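Here the chain labels run A, B, C, D, E and F in written order, and each chain numbers its own residues starting at 1.
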């Protein structure tokens, strides 16, 4: 009873890319500290920072069949988001699938499971955020759902939501909030830029944020 | 009642090296998805890829005495495989032992425990796959077995089996299967090379592997 | 009832720096294999090696308020040591706090919790040893103690103790032992240097350390 | 910007109770193997089996304030479902809150965090499924959302969804699927009852489910 | 290419049962502290203590098909030992399979994965040692090997080896060592019985085992 | 250079017992939410609740020799607290040592490592809080310190501090705070008793603790 949904919405790529440039920490703050995927997802490379549309894919444990199915649904600017239907550390994705994904315009992979051929993936410049690295192969026996809402690393991801991923992890922004979150994130970044200069000059957060009175009121004492 | 076995077999070095060049993911597939060590073993460096003969060594928890013993048994092209007799995260191996191992022709270390001096080990170019990094020192009080079959990270390793290790992890090939696995791995690599070109041209796995009919038969539907 | 202690002692910076140059493994050995923080603290960068005075800071779970408070107490050469009052993986520290810390002369951060903006932290050259990376933001609601003795990653750290941190992890040396430990560590390093040459020439630890008789007495046999 | 939603729907209690009697494994199967909360949630008691309406509550890490808020929203037959906004193991709930919850008709607690006073909770007969047991106390400083959709142990829970919990763990059934799932679960139970007798007589699953031909076709051989 | 081996040896049941009565700790010591399965395998019940022949079964991740296959190979006195070909926490085994296993004379289950229906399993008196409890269902798509040597929880188990399991965990004794280990274990138990009386009278291990001189020689001092 | 300190102080037994009766959660609260040992220490039995003097013992990893040494230092009412010098899961303690400990008046064991013979320990009524259960045996080769301040499960324990342990875990109270903490804990218990009645009558914490105004001020809204 598995299904592939083909008529999914997508967020404008320029919005995705603008959110990607701002990065996970800023975007996560801008949407009220929500949308973060669990910290067990770590980049296999340093320094990648991307934004794109979620292309969602369930897989059975130990079975990567659906990754072949989902790639047919890919559009340029998508980020593939894969979640096993029960926890699994196998190596679902390697250099051949990365070659296919890049040929279809996919910008990267977020997977709550393992990947392999990581030396090749790094060399190809295909960024990956995964739960682990494992050479353990998978079978192609059990269908699962493609381009449906999924839970990935403890967070809900809908097809066409914006995925932002960098060295801090992975964050998802709902499709219908993307513009509002972008606006807030840009404001936040500007505010931080101003504060960065003051911090660099040795000013303290205690003064920049006027914290002293409230700390005293909460009972903090100095000896 | 610990013992050192001195008359162990070894696999031809050119076979070891050919398997090493193919890498863990390919070799693991070529031998029917067996022989992988647990994914908790991770490289302390990026980009190393080696093949060699397993030089096996048990150690007591918190005790690295036997590593001195096993190095006398080393031959050029060996890869040292160390397993504690009960789980332990201590730092069993550092730059002095690495200096000794390199002087004896050992190509690298696989250890289901901790190592230390990792900055030095990286600089020396001595590759290590370990469970963790820990500066915790060890004692020299309790003998254990050397060059006997051991369980390392959940997998059986015999002296003279081939160890293949790269950024994907560690795989072992039994001595008497090594030539057969090498042959299969070379075929697999050639087949992948051909497919890589098709994937790069945008062809889908669905078509390359003729998956559509079987997916339909298993009940996959498109909406 | 939280408090900030302002009259804390510090160790001479040249002692801190000399210990820092020797590194975690050597210092940990020199003080009798004590003082190591749990191995869950890992560097977010490769190759940093620092020594400095512990600037200690408790934080409530999910609350980084006190980091603003502690930075007012910083002196050049300090290393900030942060511990949550119950285990927490949130991202307590990012590029703004790092800017502030650097402006106050702080050399690095040791935290038994998460950090974020790690790409920026690496680029700024501000070294961090943390339990994890997480973009999860924190609040500023609950005071905690600053510059008091704290438990960090299972080990007692007093303000003004020496923190040594490198790719092997983090070690603490009590303020009143620092000179003695430094002396022992320098001797140890010299002794290792001499042995390194012998190992490099292919001599075995069995002979360098005269282990053969004791191994035989403990029942080790050769087959 | 935290809020309490007061106008939430609930599922009929007889449906909840019927699902509760069937138990987690049967209900989870009946709804297509979905809705299971992560296995880190374990009962603190043996033998409890309950069904009821989800009463949902976010809490800040280390802060149990909202549990007081949510209990005002409780109706008889509710099961309290608590999730921290970032992972936390503190002891959020003890015998006083259990006394309050029981007085309000709450049937049990599901919490992706810690609880305490577990000896009392067992004696009171108030069943709990938690991530851990911890005496670590919490503060009351930071509001969070009450009776909104939450992610608990990796799964989406809406107020008024049906919670089923027993020794196997915790499962959630969406409010608008409850009757359909109940019907399927009852059918499944009846079918299993029939098969149980055949298994008890020594018949094999190979024959009961006609597996032999398909196994042969998949290449299984006997030696 | 999966296979079922039908001509496997078994150990005499009276030997199995005698080892079972002695328990895991005694048997593990008697065979030189080997054969213990990883401590992640825990009993779902208190107080069970069994011995029997290993009936071995590989399963694919998330797929319990082979458990139906292996039960045809069961003989009275067997203990089913199940290992997934890559790590998996799903609930492979519940009350129907337990009914079948009991009808075939199987004494218990050891599984490096999850089980479900644990309330029923306890009530039926079918003892289980598992990695976790999970209601997550499994499919029947992928064959694997039955009655071959397997790695279970880090230890090699051959069909017909003796499995001993109790509240301390699980231990395996090789078929061809069983009589010798039994003899040693009986001697050990007798020796312990004698010492138990002396300990109960307040005598110290320091004196019973003559440890004082050796402690002094190793440098232990009293202040 | 290991040592046994013989002239350690102890807390009055009636204070220990009074704290024991109050239990871990109450005592931990009464001393300002400090002193809790990490939650990885779990009871092997249900329903035990004890208080006594800490009898402290370091052990080398995989080596239980010092437990024999420390038992000579035991006095009636002591609780044995054991910590390995590096993390270890072996089974350090079983029924013989428990027999010895009970004969010397020891009330229970707290150990940041494994124990075995747990069925016997439960039957003997010797309560244990441990990190895990493991039948893995230990050697007697390496001395360590006895009756010195130790770190156990992340917390500092001095000889003669009060250990309180129950189903919620383990808490330590410093010797020189014991009377003050007891007094506060008794007050806390009395205050809770009064509130328990109000909660049982259906009164809400919101009203009992006057939380409504402060919640509103922090921005909580009702929809």
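In this section, a contact is a pair of C-beta atoms (placed from the backbone, for glycine too) under 8 Å apart; a residue touches a chain by one contact, two chains touch by 3 or more.
Because the structure is a prediction, the values reported are computed rather than measured.
A.B. asks: Where the contacts of subunit B and subunit E overlap, which chains show up?
C.D. replies: A, F
A.B. asks: Between subunit C and subunit B, is it the same set of residue numbers doing the touching on each side, over half shared, or a different set?
C.D. replies: Mostly different residues: under half of the interface numbers shared.
A.B. asks: Please tell me the distance, in whole Å, between the geometric centres of subunit A and subunit E computed from their C-alpha atoms.
C.D. replies: Once rounded, the distance between the two centres reads 42 Å.
A.B. asks: Need the CA-centroid distance for the pair subunit A / subunit B, whole Å please.
C.D. replies: Inter-chain centre distance comes to 31 Å.
A.B. asks: Rounded to a whole Å, what is the gap between the Cα centroids of subunit C and subunit F?
C.D. replies: Taking the average C-alpha coordinate of subunit C and of subunit F, the gap between them is 28 Å.
A.B. asks: Counting only residues that touch at least two other chains, what does the list for subunit D look like?
C.D. replies: Each of 1, 33, 85, 89, 134, 136, 142 in subunit D touches at least two other chains.
A.B. asks: Using the touch rule from the top of the page, what pairs of chains touch, sorted by label?
C.D. replies: Here the touching chain pairs work out to A-B, A-C, A-D, A-E, B-C, B-E, B-F, C-D, C-F, D-E, D-F, E-F.
A.B. asks: Give the list of subunit D residues in touch with subunit C in this complex.
C.D. replies: Going through subunit D, the ones touching subunit C are 60-63, 85-90, 134, 136, 139, 141-142.
A.B. asks: Note which residues of subunit A are touching subunit D in the complex, please.
C.D. replies: 1, 32-33, 85, 151, 154-156
A.B. asks: Can you name the residues of subunit A that touch subunit B in the complex?
C.D. replies: These residues of subunit A touch subunit B: 1-7, 65, 67-69, 71-72, 89, 91, 94-97, 99-100, 102-104, 114, 116-119, 122, 132-137, 140, 142-143.
A.B. asks: Can you list the subunit A residues touching subunit C in their complex?
C.D. replies: 23-25, 28-29, 33, 36, 39, 42, 46-47, 49, 166-169, 171, 192, 195-196, 199-206, 209, 211, 215, 218-223
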